[in-house]
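Below you'll find the structures, each written out as structure tokens.
In the two assemblies presented below, chain A is common to both, partnered first by chain B and then by chain C.
Now for the complex of A and B:
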């Protein structure tokens, strides 16, 4: 990129040099002067100058106040803000007086009170008292525009931040301004809830208390809260978040802008799913199966004794099933206990991880600047890693082309792309900034897509990148930690003496459950009773990502620091892993910092724990050896449509326990390609029967233009027992 | 060198006091009226229609330099209307053993819901009993504290204190 031309601007007599085209608000900030704003937010696209708060006087322009947010720095510009210009001061004062004409004096009951830009700016720039003597405009309030967001139209100042977010960031278009002029108001379509995946962001954008999260309603005031910077542990993106706590409880989750990872947006799952911490069936005491009485609470001493007994009785015939939501330290501690202490090297890893993609590593934000993006795979990107979908939308707005391919057979599509005569492959070769994203199952941890990138010549282009969207939040870190614990291998035990299940995701995995049927005993670590009842002999309480200290590795391979926001109701995993390891002569520290120090030597290049950082940096590209794509899994043959299952974003043990998110759960739908729908004479919204070998599900049809013919896509929780090939017919 | 005369003089001062009127008062039986602006135990107020004035905004807790007020708010519902605003204080506690009776809470209160009364006899045998709950604060004080006539002083009574 060329170096941008610098221009000199005078703001209140202070000369600053900024790149040409910088917004005047930023220019003033560079001069150390604040221009107050409500509607201005560069992340929402071009400024619209709706609130008129940023009025300044600019010499040489018409002798009336100018909206600073809509102007850019030009050479020789002389700007006077309210600090030096009476004109600007009067204008801002009048703007605030106008805004406050209809703004109710709700501050004592408003959740925004204390962290409200309108309050702050009124104190600093506004009139001290009101001249308004007429009754203010009133509306019904609060209006729940979705179970998670409430709207208070009286407080709204019509800055249009929320509608601009809905229109040009999330692109769902569900939140709009209706009517005109003074009658304008924010609304959703005909009382439909705001169903977007990123809807919660509008509550953070709103500069007044008009849009507020219902989960935070009257929960705390800004001076009573603590803020803990951590990362979200619900999907592999690892958005940086600030967790607000009060009196030892999580009250809300806010984004903590990491420009390379999330750009300051988080999805509704990350924002609202924290309610699962206080779920009714949360396990707080160890549970032990007792004859005829089922699982009974046990003390910790008894539970660790019992765990030791079970581990010894298995004589090394142990299988460990990991969830991919453990911290790196927990996974390493557990691996050390199992592998060095007990010689049990067999594990059901959360997913396959290949380090081949590390050779094409880029920050997620690079997607927005890409030229051509090819998404390979079955799963909708927003279901797997929602923020990546926002980056894709940003790329599309920036003029990039986004192509989805390989639905129903990603590996085959990769091979085809890398071929000599493929049109899309040729364009990827020619592009300067191509990006490949694997979003689906069976990607061999990214090996397919990395091999494809290698053959397309991505290696020589520093702006090209490959992303593999894993299924689990910390699958990468867990797999790395497990393999770092020992170099030995062992035979798979048969029969299995003990199955050790770590985490709720592993506990609800059908393949793990089927292993349990072959195991003599099962130890499960779960947060919720629902995941453990009926099959575990000993249940040790688990903790959530908000209750742990440690590190996570996100899909880019970025090591990020997780901080304990609240103290869990039970000792965390590392505490009892450490105790248990001690009984088998293995030393595992109960402190994540110490465990990380040990592990860092081996896999993170000796990075100290304290330097993982609040805004973690991305490691550079790591050269990979000769890349060879593994053989693609055989695609099932048979009549009918191939069933593609995907795990929806709003599913899983945590989301199921949050009643506010119930409306976001996936509908009982089957997605069909337009061609298949036409062939089967199915229209969108029809009730259809999906059949395979004796099982049948009645679902609603949805036509998805992104699907290829011959594929039916159903969310995991609705597909249930359906086989790989299904027949779809109108009911 | 002994000075017998000085000793007698000294006792003279002592004996003179016997015939004077004592200025001490027998405290528990006799209570001195407090200064009208005296700041004692807090009181939470209701409107005449029975709704609480407090909306649970926590501004008193924010203003409190001793951090002795704890407010947990909740939402009013049509069948359970506690206060006049959207929210009410579900829990309102003042730790009297921490309170320094500075009166910042009544200054901060936007609804004149809390005022400091005149009662100062708030000793207890247990620290836990020093934590006053909302019910205790809403109830009028059990003991009456005599208050001096405001007319005797030329300092004005603040508006928020008039009804206390």
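Now for the complex of A and C:
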């Protein structure tokens, strides 16, 4: 890479050297001087110069204030901000006076009050009193633009950050400005609810109290809250977040920009799903099955005794079903209990996880700079790992080509790509910055796509990368922790003496339920009544990622630190795992830091717990052993379409318990390729019957150009009992 | 009074909307000749002619065309601004109605000069007849295979003054909300669809064929050294014979208003003149000998702007005039940048209060201060266009403003007449625009 040319700029008499082309706002910051802004936000694309807050004086330019946000550093530039220029001071004061002309100044009842850029800048740069003596512009307010966001048009200062986010980051185009002049206002397109995966980000971009999360309305004042930096535990991206708490309750979740992971955006699931902590059916006491009377609340001592009794009775014939949402420390503690203490080595995860992609590791942000990106697999990226979709959109805007392939048979697509005469494969081979992403099931945990990359010569290209999008948030960390606990192996128990179900995700996995039917006894840890209460003999209350301390490993392989935002209403998992382990002569500390310390010696190179930073670094590439090409997958037989089920973003135990997110749940629809739709004479929006082996579902048809022929894609919750091959016909 | 005809030459004798007739006055001969020339040779003629942009900004046309990169890998575009919307201005519609082929010919010559294969004419949505005339002419030219491989697109606007601002025009042309872009980057570098784009006014384009015919140097002999050639001036307001007149630059206001326009009707006195469309500073009656040229007008404290001269007689209340102008700009402010969006509305509120006689003396200073705080602070020239004239009304007719305050009512009462002085804002109703609350 070439070294950028440095230029010298004088800001208020302070000379500073910055790379040529650096924005003037950043240049001034480098000189320790703040140029105030409202509309300027580099993550939203080129500056638009709308708010006129950043006006400064630049020598040699026309004798009027210049918008600093639209200028870049040139050698010898002499800039005077409001600190030293009367012209700039007047101009900034004027801008604030104009902004306040129609701003309601209802700060005492505004949720933004106390953390409001308009308030702050007015104190520093604005007029102390108003000269406006006319009625202010009024609007109906607040308007719920969706169940999660309310809009106050009177407070809006029309900086257009929100509409730019909608247009150029999320690219949903749903938030727009309508009318003009003083009557301009923000609205949703056609007044439909703002329904998008990333809509909540506009509440953070808004520099005033115009766009606010409905869930935070009148909930707290900035001086009453505490902020806990942690990571989101709802998908394998692991967005960095700040959790706002007040009096021991989570009030909101904000992004905490990790430029390599999330770029400062989070999805609406991560932002709004925290409501599940206070779900009505949350289990706070252990439940013990008692003959005839069913499950009854039990004390913790009784519960641990019962757990010990059940574990002993199984005589080692134990299967542990993991969720992939446990912390690394929980998983390791559990593994020590089961494997060292009980000799029970069998565990199941909802998915297969391989470390094969670690040889092609890149930060997620590198996707935005890639040249050619091929997405392989059945699942829409935005449903599995939403932020990855934003990186893909950024890449496309930067000129990259993004190709989706292999829907309806990822392994086959991989073999084809790596083949000799595949055109796309040839271009991947030739590209300096190619990226392969596997999004879907059947990927052998990333092994297939890694093998494909190996054969395409990615190994010798440092800017190439491979990403596997797992189904579970910490599946990678859980697998690493489980295997680090012991080198021993044992046979799979048959019959199963005890099934230990760890977490709500495992409990809702149909294959785990079928294991439960074969087990003599079941212990489950779940957060919610609905998950396992019907079939467990002992239920231990579970906790949420927002209530735990520990570490997670995200899809990049980045080890990130989880911090306890609020104290759970029940002892956390590590507390009773530690207690129970003691009964079997195994030492497991109840403190995550100690557990991590022990584990780190084994697999994280002795990294101290305290150094898993708030902005975690990415480990280097880790060479993997020989990579085998995927075996041909069995193609389903029979006529009809192959059913592809996917797990939608807005699904799962947490989302189901948040009423504000109900509107985001996936529509009851079946996605068809244009070819199949034409063949079956189905139009978009038609009601169709999807049938297999006697079961039938009535769904609405959606035509998706990204799908290959021969596939019908349905969200898990709408596919239910449908079989692998389905027939689709107009109702 | 010699009336030199350049733009409208031949249009009085013949129906130049017809290609056949246009051919008879040498039509498209210059295009054919220009296509034989190197692009640089055409730019040299434009430079020699010292033709300056007729949209109102007076930027040298040849120089602007010279900003277009020679070796850009992207396509280059020529955009013709036919979104004539400045109150008082109706010269482009005359040109399009009477010499549409000259507009097309000038555009094609310019396209050749900058090696553009695409020309977009963005025409004001309300100009339906003009659009149809231009379209018919374009069809004829296309039929006669005069386009020479150039794609010429006529695009109708949807009723926004701001789309006459060059970058607002580009946004609108791209199908986006018509709002100006921040500059830099300038359109010559990043214009339509991100490609190098040259934007010229209709009148500028229609002048080009004659420059080619006469030669740049010969053309430059017309008019004054700082403002060469002729212009079509739109004369309106309290004047006997309003209309469009093509005259050499440097003609004085007196010649135009009295000799050509027949003076102020009904024995009324001349009170003031707006010499270049609603956005320029007002002149008082004693400045009637100012020549219509760039330098002279600047010295007089105003501008020739879009070449629209509005004559105001002694029946007019200047506060009412200010209100009318301010309402227009409030209505047309796009809402993108703060000072214009909020300031234009505040100006209207203040002017209403003054006109109603409810204002205090210090509110005149507040009005001036609001103007001052808009001036030079906006993203595009619209805010300046609103603030400059209003400030000049207060400056030059302060006594009349003060009289409103002192008397507690408008001294003209119902007597004041702004008939024929700009189109009233009410006439804009019925278009798909929002009702503006004040």
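What we mean here is this: the second predicted complex is superposed on the first by the 727 of 731 C-alpha atoms of A that agree within 3 Å, B and C clash if a C-alpha of one lies under 4 Å from a C-alpha of the other, contacts with A are read in each partner's own complex, and residues count from 1 in each chain.
The criterion applied here is as follows: a contact is a pair of C-beta atoms (placed from the backbone, for glycine too) under 8 Å apart; a residue touches a chain by one contact, two chains touch by 3 or more.
All values derive from a computational prediction rather than experimental measurement.
If you put the two complexes together on chain A, you find that chain B and chain C both fit without a clash.
Touch criterion not met for A:722: it reaches neither chain B nor chain C.
In the superposed pair of complexes, A:180 makes contact with chain C only, with no contact to chain B. Touch criterion met: A:137 reaches chain C, while chain B stays clear of it. In the superposition on chain A, A:67 makes contact with chain C only, while chain B stays out of contact range.
In the superposed model, A:113 makes contact with chain B only, not with chain C.
In the superposition on chain A, A:217 contacts chain B only, with no contact to chain C. Which of chain B and chain C touches more residues of chain A is settled by the count: it is C. Contacts of A:444 after superposition: neither chain B nor chain C is touched.
The superposed three-chain arrangement places the nearest Cα atoms of chain B and chain C 25 Å from each other.
In the complex of the two chains, the chain A residues touching chain C come out as 46-53, 55, 64-65, 67, 70-71, 90-91, 94-95, 97-99, 101-102, 131-132, 134, 137, 157-158, 160, 176-177, 179-184. Contact residues on chain A toward chain B in their complex (touch as defined above): 106-109, 113-114, 142, 217-219, 221, 223-224. On the side of chain C, the complex with chain A involves touching residues 160, 162, 177, 181-184, 330-339, 341-346, 349, 353, 366, 373, 376-379, 433-437.
Listed in rising order, the residues of chain B touching chain A in the complex are 55-59, 61-62, 73-75, 85-87, 110-111.
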